[in-house]
Every structure is written in C-alpha cells, then in structure tokens.
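Per-chain residue numbering starts at 1, and chain names A, B and C are given in the order in which the chains are listed.
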Amino acid sequence: MNKNSSNIMALAPNTSNKRETVCIFGTGDFGRALGHKMIQSGYSVVYGSRSTQISNLIPKDAEVLSHAEAAQKADVIIIAIQRQHYNFLTPLAEILHGKVLVDISNNLKLNQYPESNAEYLAQLLPGSRVVKAFNTVSAWALQSGTLDASRQVFVCGDDVDAKQMVMNIVRAVGLTPLDKGTLLAAQEIENYPLQLFPMWKFPIFLSLGLTTFFFFYCLALDVIYTYIYEKNNFSFFIAITIPNQVCPAMALILLALVYLPGIFAAIIQLYRGTKYRRFPDWLDKWMLCRKQLGLIALAFASLHVVFSLVTPMRAFSKWRTSKGIISQALNNKTEPLDHTDAWMSDSYLALGILGFFLFVLLGITSLPSVSNSVNWREFRFVQSKLGYLALIFCTAHTLVYGGKWFLSPSAYKWYLPNIYMLSLVIPCAVLVVKFVLIFPCIDKPLTQIRQGWERNPKHSE
Amino acid sequence: MNKNSSNIMALAPNTSNKRETVCIFGTGDFGRALGHKMIQSGYSVVYGSRSTQISNLIPKDAEVLSHAEAAQKADVIIIAIQRQHYNFLTPLAEILHGKVLVDISNNLKLNQYPESNAEYLAQLLPGSRVVKAFNTVSAWALQSGTLDASRQVFVCGDDVDAKQMVMNIVRAVGLTPLDKGTLLAAQEIENYPLQLFPMWKFPIFLSLGLTTFFFFYCLALDVIYTYIYEKNNFSFFIAITIPNQVCPAMALILLALVYLPGIFAAIIQLYRGTKYRRFPDWLDKWMLCRKQLGLIALAFASLHVVFSLVTPMRAFSKWRTSKGIISQALNNKTEPLDHTDAWMSDSYLALGILGFFLFVLLGITSLPSVSNSVNWREFRFVQSKLGYLALIFCTAHTLVYGGKWFLSPSAYKWYLPNIYMLSLVIPCAVLVVKFVLIFPCIDKPLTQIRQGWERNPKHSE
Amino acid sequence: MNKNSSNIMALAPNTSNKRETVCIFGTGDFGRALGHKMIQSGYSVVYGSRSTQISNLIPKDAEVLSHAEAAQKADVIIIAIQRQHYNFLTPLAEILHGKVLVDISNNLKLNQYPESNAEYLAQLLPGSRVVKAFNTVSAWALQSGTLDASRQVFVCGDDVDAKQMVMNIVRAVGLTPLDKGTLLAAQEIENYPLQLFPMWKFPIFLSLGLTTFFFFYCLALDVIYTYIYEKNNFSFFIAITIPNQVCPAMALILLALVYLPGIFAAIIQLYRGTKYRRFPDWLDKWMLCRKQLGLIALAFASLHVVFSLVTPMRAFSKWRTSKGIISQALNNKTEPLDHTDAWMSDSYLALGILGFFLFVLLGITSLPSVSNSVNWREFRFVQSKLGYLALIFCTAHTLVYGGKWFLSPSAYKWYLPNIYMLSLVIPCAVLVVKFVLIFPCIDKPLTQIRQGWERNPKHSE
C-alpha cells in the first residue's frame, strides 16, 4: 500500500514529509477513502468511532479511538457522518471548541433541509469553525485514484484561517480547492453534485420533441406518400435522407430560437418604456438557456454537414448519377452546363459553408476558457453581431436551396408544406423584426431605455 | 421581485440568510442594478444620495439616506459615481476612515487619466481602504441576470482584508472574483473593458487586405481572362472556385508568417551575438500576434477543407464528370487508370489531410484551458515541432498539387503567375532558412546565445 | 528600454508607480531576465553578487551590491543561484532572518534529490520564509516578453504572508500565480517543468506500434498480394486506401481499450468481493491513461472521416466510377437500384456519423475547461453512457460495412483475416462482457461492492 504508482499527483512519494494529524469522525465509505488518500499524502490519520476495535476496512496506518480522544489529537476534524446523526456531536462541544470541522455531507434531494448541513453543524457547535468541502468528490474516484473528471473542490467557511487549513489538505491530496466564500454558499455547494445538466433539460426535451415531429413528417411525405402514390419503396431514406432534412431544419429553428427571446425582450421594453420591471418568467428562463439552444443547434448543423458530405458515397446517389449519365450517353447527347443551376448550387453551398463557419466560431467562443478570456464587449460583439450574421447566412442558404419549391405544386404533397418551408418561418420572422428594430427611430429609444431612461416613471415598481 | 426564478446561481433563495449591510453611493443605473442583485443575495442595502426622497427606481427593500448617514451604517461602501465627482467625498473623509471603498468606475478612453480612478480615490481619502472591482461587469447583465459571458470580476486593492470582504460580495452575487494584486493593477483593470480584440486587429486587417487582393487576382485570371479570350462565362466561380483558391493560399501564407518572425529573431541574434538587446519594434509586435495569425490561418484552412469536400455536390463538377464519361462512352472506349495521376492525386490529398490534422492539433493546444494544462516544454514541443511539421506537410501538399503548373506556359495568363506559385514563396523561404538554421554549425552558437552567452560583451547595453 | 510597447500586460507603463525594492541573488540568465521584467513593472531591483563591479549584462537601472548589503535593502530576495551553491547562504543566516526567500531553481532530472530544493533551502535557513515560485517560467519567455504559453506560476510556501508578497510580484510582471499550498508541494512543482507529456507516452507508443503493424499487414494483403497474384500495381494505395483502413481499425480498437480496464476492474471486484484491495499495477496505470487513449482514438477517427470524405476526389475512384458507368452504357442497359445495397450503404454511413458525433462530444467534454464546469455525476453520465453508445455505434458501423466479408473466402488472402475482422475482436468482446455485467443479478452485487459492502471481510487487508 505504500507504493502508490497509480497516483500521478501524489505529493509525498516518500513518507519522510510528515504532515500534521487529521481526525476523521465516521468509518463509512467516504471516511475510509479519504483516510487512505490522506495517509498516502503524508498525513497521520486518526479515526473517531463508536467502537474503537480496529476494523480491517480502515487503512492500516490509521489509529482508531473514541470520538473524544480522536478529536483531541487533531486540529482539523472531518465529519464523515450523516446529518441526522450530527446531534450526537453536541456533548463533544467543549472538546470541539476552536477546532476546524469539515462538513463533507451531501443530501439526497435539492434543498432537502431549510438550512444547509454545514450551517446546521455550525449552529449545533457555535464554538467550532465549520468549513464545507469535499462533498463534490466521489468516494469511488478518491479510492481508485482515477480523478479524470473535475479536480475542483468547492470550499466555503466563515473563518479564513480554517478555510486555508482545509484548502491545504485539498491540495495535498492532489485536488484543486476553489474558495466559494462564507458558509452561506454551503447550500449551493450541497446542491451542486445533485444536478444533472439542469440548464440542458428544456433545450434537450424541446429538440427531441421537434426532431420526432419532423422525422415522422418527413417519413410521411417522402417515404409513405411515395410508396402509396408512386409505388416506390424508399424506406432506406430513413437512414440518411430524412435525418439530413430534419437536422438542417432543427439547426435553423433552434438558432432562430436563440435570438427570438432578445427580440421579445426588446419589444416588451419598448412597450413598457422601462427596463426596471422584470420580464415574464418564461422569457427569463428562455434567455437563460440560449447558450444551450445554440449548442444543440450547432450539433444539428454539424450532423447536417457530415450527412451532406457523405452523399457521393451513398449507393443511391451513385446509382442516380450513373442512371443520368447513361441515359444521356444512350441518347448520344451531352447536356450543356446550365449556368443558373451552377450559380444556384454554388451559392447555396457557399452560403451554407460560411454560415456553418460562423456557427462554429460562436461555439468555440462559448467554451468556458475562451469566454473567460474575452471581456464583455468582445463577447457581445461575437455572440450578437456574428450570431446574427450566421443566422442570415444559414437562412439564405436554406432559401436559395429550397426557395424554388415554394411555388412548385408538387412540393405540397397531401397539401402539406415541405419541411424547408416550415423551417424558414421562425428564422425569417426573427430577421424581419430585428431589421425593424435596428431602424434609428426604434433603436434610439431602446438604447436609452437600456441605459436606465424611463418613459413613464410611475410605471416602475 | 422576491421570487428570483431566473437566477440559477442565487445563493440565498430564502431571505433567512441575512448578510451584512452594504452602502451604495449613487443611484445611477449601475448602482441600482448592483443594489437589486445584492438584495436578492441577502444583503441589506442602503443608498447614499443627495436627495434622500425615495425614488421609485431604487429597489423597494433598500433604504435611502444622506451620504454621511448611509456611510455610517456599513463597512463596505460601493462608490457608484463618476470620477469627476469624487472630490465631493473629501468632506466625508472622517466618516469614511477605515471603511472599504469599492471603486467600480470605468473610463471612456484607454489611459484617460495619468492615474487610475481607484488610485485617485485612494489619494483623496488616504484613510480609507480602496478596492477596485465590478467594473468589468455590465449593468445590463447584472439587471437581467443573464450572465452568459465571463463571470470573472477582477479585484485589486492594497488591503488584503478589504479585498476579502469585496471578494465575498462578488461571490455572493454569483460571480467569480479574480485577485489581481495591489491597487497598481487598477489601471489595467480599468482599461480591460474598453478593449475590442486588441491583439487581433493587425492580423485581421492583414488577412482582409491579402484576401481582397487574391480574390481580385483570381477573378481577373479565372473569370475575366476566360471570358475575354475563351468566351466562357464562368462567373459562378465567384461562389466556390475562387474562394477555394484564395483560402488555401491565405492559410499557407499566414502559417508561414507565424514562423517567419522566429527566423528573423534567430538571424538578428546570430548577427548581434547576444540576446540582451531588444528586437526592433515591428518584430516584437509581430511575435506577439503569432497566435492570432495562426488561428486565422486555421480558419482559412478549415474553409478550404469544406470548400473542397463539397466539390462533388456542385452542379459544375457533376456536369464536367458526366461530360468526360459520356465522351468516353460515345467513343466506345474506356481509358485505363493513369498510375502517375493516381499517385499524385492520392499523395496531395494525404499530405493535405495530415497537414490539416496537425494544424487542428495546434489550434486545440492554443485553447486557454489546454495551454494552461501543459508546461513550457510541452507547449514549445507542440507549437514548434508540430507547427513546422504542419507547415512542411501543407507546403508539400501545395507543391504536389500545383507544382505541375510551374512549367506549363498556359498557367501564366497575362504573364502573371498562378496563385499557387504566389502562395508558395513565403512558406518555401521559411522552410529553406529554417533548414539552414538547424545545421549544427549554426544551431550551436544560437543555442549558446539563447542561454545567455555573448559573443561580444561590449555590444550589450 | 523604457518604452515597452511589446508587452501588452505591462502594468506600469509610467514609472511613477514605484513599487518596493526586490533583491536578486545571482546574475545568471534567469536572474537578469527576471530583473529586467521587474524593473519594467516598476520595482527597484538590487542584485547581490560576489563581484560588485557592474556587468553590462545587468539591467541599467539595477544596483549591484555584495550579497549582505543587497539583502538588507529588500524584504523579498530571489535566489537565482543553483542548489549546489546554497550552502554559501548559511553565513548570511542572520541577515536573511525573517526575509522572504524565493526559490526559483529547477533540477535536471525528476526527483534528483531526496528533498526539493526549496525544502533544502528552508532547512539551511530555518529563520527565513521560503517560497517556491517562477521555476515553471522560461528565462527566454520572460526576456522576449512573448508569453504565449501558460502564464501560470505555481507558488508554494509555509508562510501565508510571504506567499502573498511573492504572488503580488508574480501578478505585477504579468503572470498568474497559482497557490499550491505548503512547501511540501515544492517537489511536485520542481518536477513539473521536466515532464514531456508523461501520461501520453504509453498510449502514443502503443498506437505507433499497432499502426505500424496494421500498415504492413494491409500493405501485404492489399498491395503485395494483388501485385503477386493479380499482377495489378496498386502501390498508390499507400497514400490513402491503406491509411483509411488502418485509421478506423485503430480508432475502434483504442476506443474499446478505453472501456476494457473498467470491465477488468468490475470482474476483479466481483471476484474479490471487495473494493478495498488495490488493483494490479498494470490495471491502475491503464485506467489512468484512458483519457489519452480516447483522445488518440478520436484523432484516428477524425482522420478516417476526412480520408473517407475525400474519396470522390481521388483519381482512382473517379476512374473506377466512370469505368462502371461506361461498361453499363456500352451494354445499353441501366442497372436498377439494389435496395439491399442502398440500405446497407446508408445505414453504415449513418451509424458511422452518429458514432463519430458522440465521439467528438466525448472529446469536447474532456477539454479541461468543460470538464471543470460539470459535476461528477454529469461527467460520469457523458463519459460512461455516451461513451458506450459511441462504441456501440462505431462497432455496428464496422460490422455493417465489413460484415459481409466474414463469410467470403476471397477476404482471406494468404489465409489471413481482413483488418476489419481483427479490429472487431476487442470491441465486440468489451460490448458482450459489458452487456453481461449490466444484468441485474451481476450489477446489484457490483454496485453494493462499490458502495463499500464486502462479501468476505477477512479477505481485506
């Protein structure tokens, strides 16, 4: 156990670097895993336990004592027990006075208790210095040493020195402490590991719903209609042709939905004549998930690009190409180049490439490390100016590609519009309204309102 | 206003977590926005204002008092007034003694005043503890709660405890404080939000200029020349064919320009025999924007890749392919596979793919979070070794593709060289000189010079 | 030298902002470079040197004194001398008492000495406050001002105030200090700049070995066999065709190797009935380089995608296509669309696209800044659930594409299996065993073991 070849970040390969003693209350899974890791990092670990007989699960080099004895041996005590048992600590209040208590507990539900576990502990033992830490790390990761996920440990507490001591331990076991301020942040820290992509839920469900709808819409029009009326079995369209109609439609609609709430917000502010009243709840929520909507749109756009690029490798398009060429050859004629066609095909491709290029740029700037390295003005420039440019290019790409079908009756199978037309509704609406909003006569009052001016002060709350 | 459903990071959903009182001087837009946010986070806010009558713009739960009264109620006072009005604070010097004053002001121009606003405030009120913070956040973002850009707030100040207090407030309102040291950093922090991609200006203007030149050059040779002498209207080349000649040329030239200043620096150092004299100004500036040049080159290279990959989907190339096949079919013959051709086409494609692959690797390592996780030696290895390898591959790709045209008279329309030849000049020059520089007889003295050795100590300053 | 236009981060463009005096012991390359930079940032620098005559290499504005005199002028002393000369500092112990000594030394080998240089310095001068810093920055980068690599400076030390003083200097010269805790971290910090992608070595050598093997395997079967038995010279397959067989095989095998150690770990834990015994060393090492294996697999997959997409641009495939079409045309017939073929080609393309899409998602979440912004649960969800989904898609892609060859005798040239079959062995094995492991009767005890339960407590150590 002494040789810890697996842990690259082990700071004390030779145990000559003896660190201080740390006490751990509780011999559960996390307490044991943390104890193992701390011993590997050069700490002396003493466990406080109800039964002081040495369990063989506890690290060999650790001592096991009663809670009171163990607490006296160390300045830092890690409370690896569950919140409902915290009240057994109250008799130890005197011994724990002045000690640093590290609350590592997690809850099973978001906001399970009115106050966070760490604040509850601090109320029980007002003389102790409570620090919240380690709750975002999994015992399994600590045990196996394979910390490939985030190495960040959120730390908060009211006592700066106590926090420093705990942050030193965090660093010593190879993790990165992140100071989150006073103990008031404990609630947030305790909620953190319970989340599973909270901001992504609505965008993902919206995309799944829309994708399913569009998929069956295309299936009906392209496969079932063709099968019924033209007796052609194009069931293999399910694999590429239909996804490649759904993906661009989804990408364009979702990209437009990123900019739609900004349009609504501007209209609401213009109507109210003030920015000091809250937006409706749905608009607030929508604005907060714009980044997620944009990234899902980018995923759909990328899929569309790859689906389109593999076209020449499909057996179906090879067959269609050769059928066309053979029929020309058998008729002994070569069709001349159709210049309109060449222009149309080249320009929708070029527009699509440029739109996708700007889209990828937007995606890159939304990476946390990139958006942290630009200031507010630069971020606004990229996300707003380049974003609208991407929307314009992508809408134009779709218009040039699918525009000819608007007037063709054959495009309205079962009197239903083609998916290209459906996907253009929202983007075109956004672009038209945005175009109106940048007229000076409308842009000027809007800018004033956003700088704090009010048309009608009595309206404000 | 109590329910703040939109703010995911709200730390104090229940107002039971009462924090201390903070005073805000000034009821302008930013002062109000910050006050709103702090009340939501559990702080008591008291405004200091000339007129103490409660404006309906000010958050309901905030108190409004005279400056002197407000200042006495809090330890932290946020100075949300403009620099030119700072001198009205001097009469309050006694009340403000020992208080933490948070300077949140911004200027309209870079380096507008000889000293930063925060330092000016500290000079006016030497008894107060001045901290610079919050100036990089926009009032609009604070108000609307949509902080999708950087959450970083730069904080600096001479008093460590005062800085800690301000950093706690920053964290409490859901932002991330970043300690920038003493008040001397205030000037930099005040300049930060005024910048708009300062390092990108020269590379972007250079690329725009070169792109425009190459575009019209290709337009003249490929469209106008063909129209005049061959009576062919290839105007649709503007959309894809010409961009796909300009993009690779730009990518190759800009990539070579990334490595050219290093070549110049080596020659200058060899000539001078010392590294202790500054490079000329233009070389210094050039070296500092190498990363930006490289990223723009990568953007052009990516565009080139996509432009090339869509080729089979273009109406023009479909027409050209079928014309070729039909003419063979009508002549009743099948041409055998030209092995030289197969080798040439496969090897320029393979070289281009490998070059682009290395290029993308370079781009990924220049992401801030990736370059922060490698050490200096690793960064040098990737950027120097892999970078030159990418340059070699890309130059070879162009040489194999366009090399045959060097000797063909038809390539010299209007006696002008083809764009392929133009784009090869700088990369080939860089590679040849670099090849000379790695000769041991030249590399050895250069390495010595870079380790501090001097050929002629009297030359140094 | 006063005008420092090149250094964007210069905090003190006007020297009116005088900072305190800092002493540097040693006038070597790094000492001079650091001195230059500090003078530019507004510090007064005094050098401590054996010979006090002013060398012309030393920055003009710096003073040069004897060690004792120089030390008395400053609170912070930067020790820019080598470890083997540290003992000359012992006579100065009295003067250095209470001073902040900054150890910036590096070693030539990993773990060259039993204790780190900084700890050795602290033992020599127990009265001084030793801080480790600056050793991860290169003198050349400091000198030239082109700090495009990481700006992070790791700082550690036992005295918090001393560390703060040094971190202020680090910030003042335009770098970002990163607190690594107490002086025990010095060993790790000293080893850091000596590493060259330590975690990447095994994955890269493994990939190079496998790639070489597969390359020659394909060369033998596709080029040499064809040349010998079919008298066809397909030597140009070396450029694209063979790489495009090797890359997907490598990508699939390496992706399976990412998930194989997890399978082994589960089996070992099930067999042992406990998680409290260490895995064999090879398994530990393997688990720690899974991220690297996955990223290399992603690189191969990306190459495979691009190699495949350029197919229609190859002279060989153009020739093959036209040969097929012409032979049909000359026979006056058009082959009808083969629906099985259309289904097969479309579905293997679609599976490959989805697999690659998920693979890229995995790659993006492994970027440091992205993985830091998700919690443990989210990271596990992406890496485990989406990872297996990607493996399933990619395996299915290969099966649909290459499956038909399993039964075809012509695929077994020289009685050797095709590369498609070789590449499927490990992925299929991983998927089958994983499928067994998620059966409730096996998953339940495994989950219990991972939560700390033990089947047979006496087995544990």
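The definition used in the following text is that contacts are C-beta pairs under 8 Å (C-beta built on N, C-alpha and C of every residue); 3 or more make two chains touch, one makes a residue touch a chain.
Because the structure is a prediction, the values reported are computed rather than measured.
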How short can a chain-to-chain path be from chain A to chain C, counted in steps between touching chains? 1
For the copies chain A and chain B, give the interface type as same if over half of its residue numbers appear on both sides, and as different if under half do. different
Take the average of all CA coordinates in chain A, do the same for chain B, and state the distance between these two points in whole angstrom. 23
If you look at chain C, which of its residues touch at least two other chains? 309, 312, 321, 325-326, 329, 367-370, 372
So in the complex, the part of chain A that touches chain C is made up of which residues? 1, 5-6, 8-9, 11-14, 16-17, 19, 28-29, 32, 42, 56-57, 60, 136-141, 143-146, 148-152, 164, 167-168, 171-172, 192-197, 233, 235-237, 239-241, 243, 299, 302-303, 306-307, 309-310, 312-316, 318-319, 321-323, 325-327, 329-330, 367-370, 372
Chain A residues touching chain B - in the complex, by the definition given at the top: 111, 114-115, 160, 179-182, 184-185, 187-188, 198-199, 265, 275-276, 278-279, 281, 284-285, 287-288, 290-291, 305, 308-309, 311-312, 321, 324-325, 328-329, 332, 334-335, 337-339, 341-347, 349-350, 353, 356-357, 360-361, 366-381, 383, 450-452, 454, 457-458, 460-461
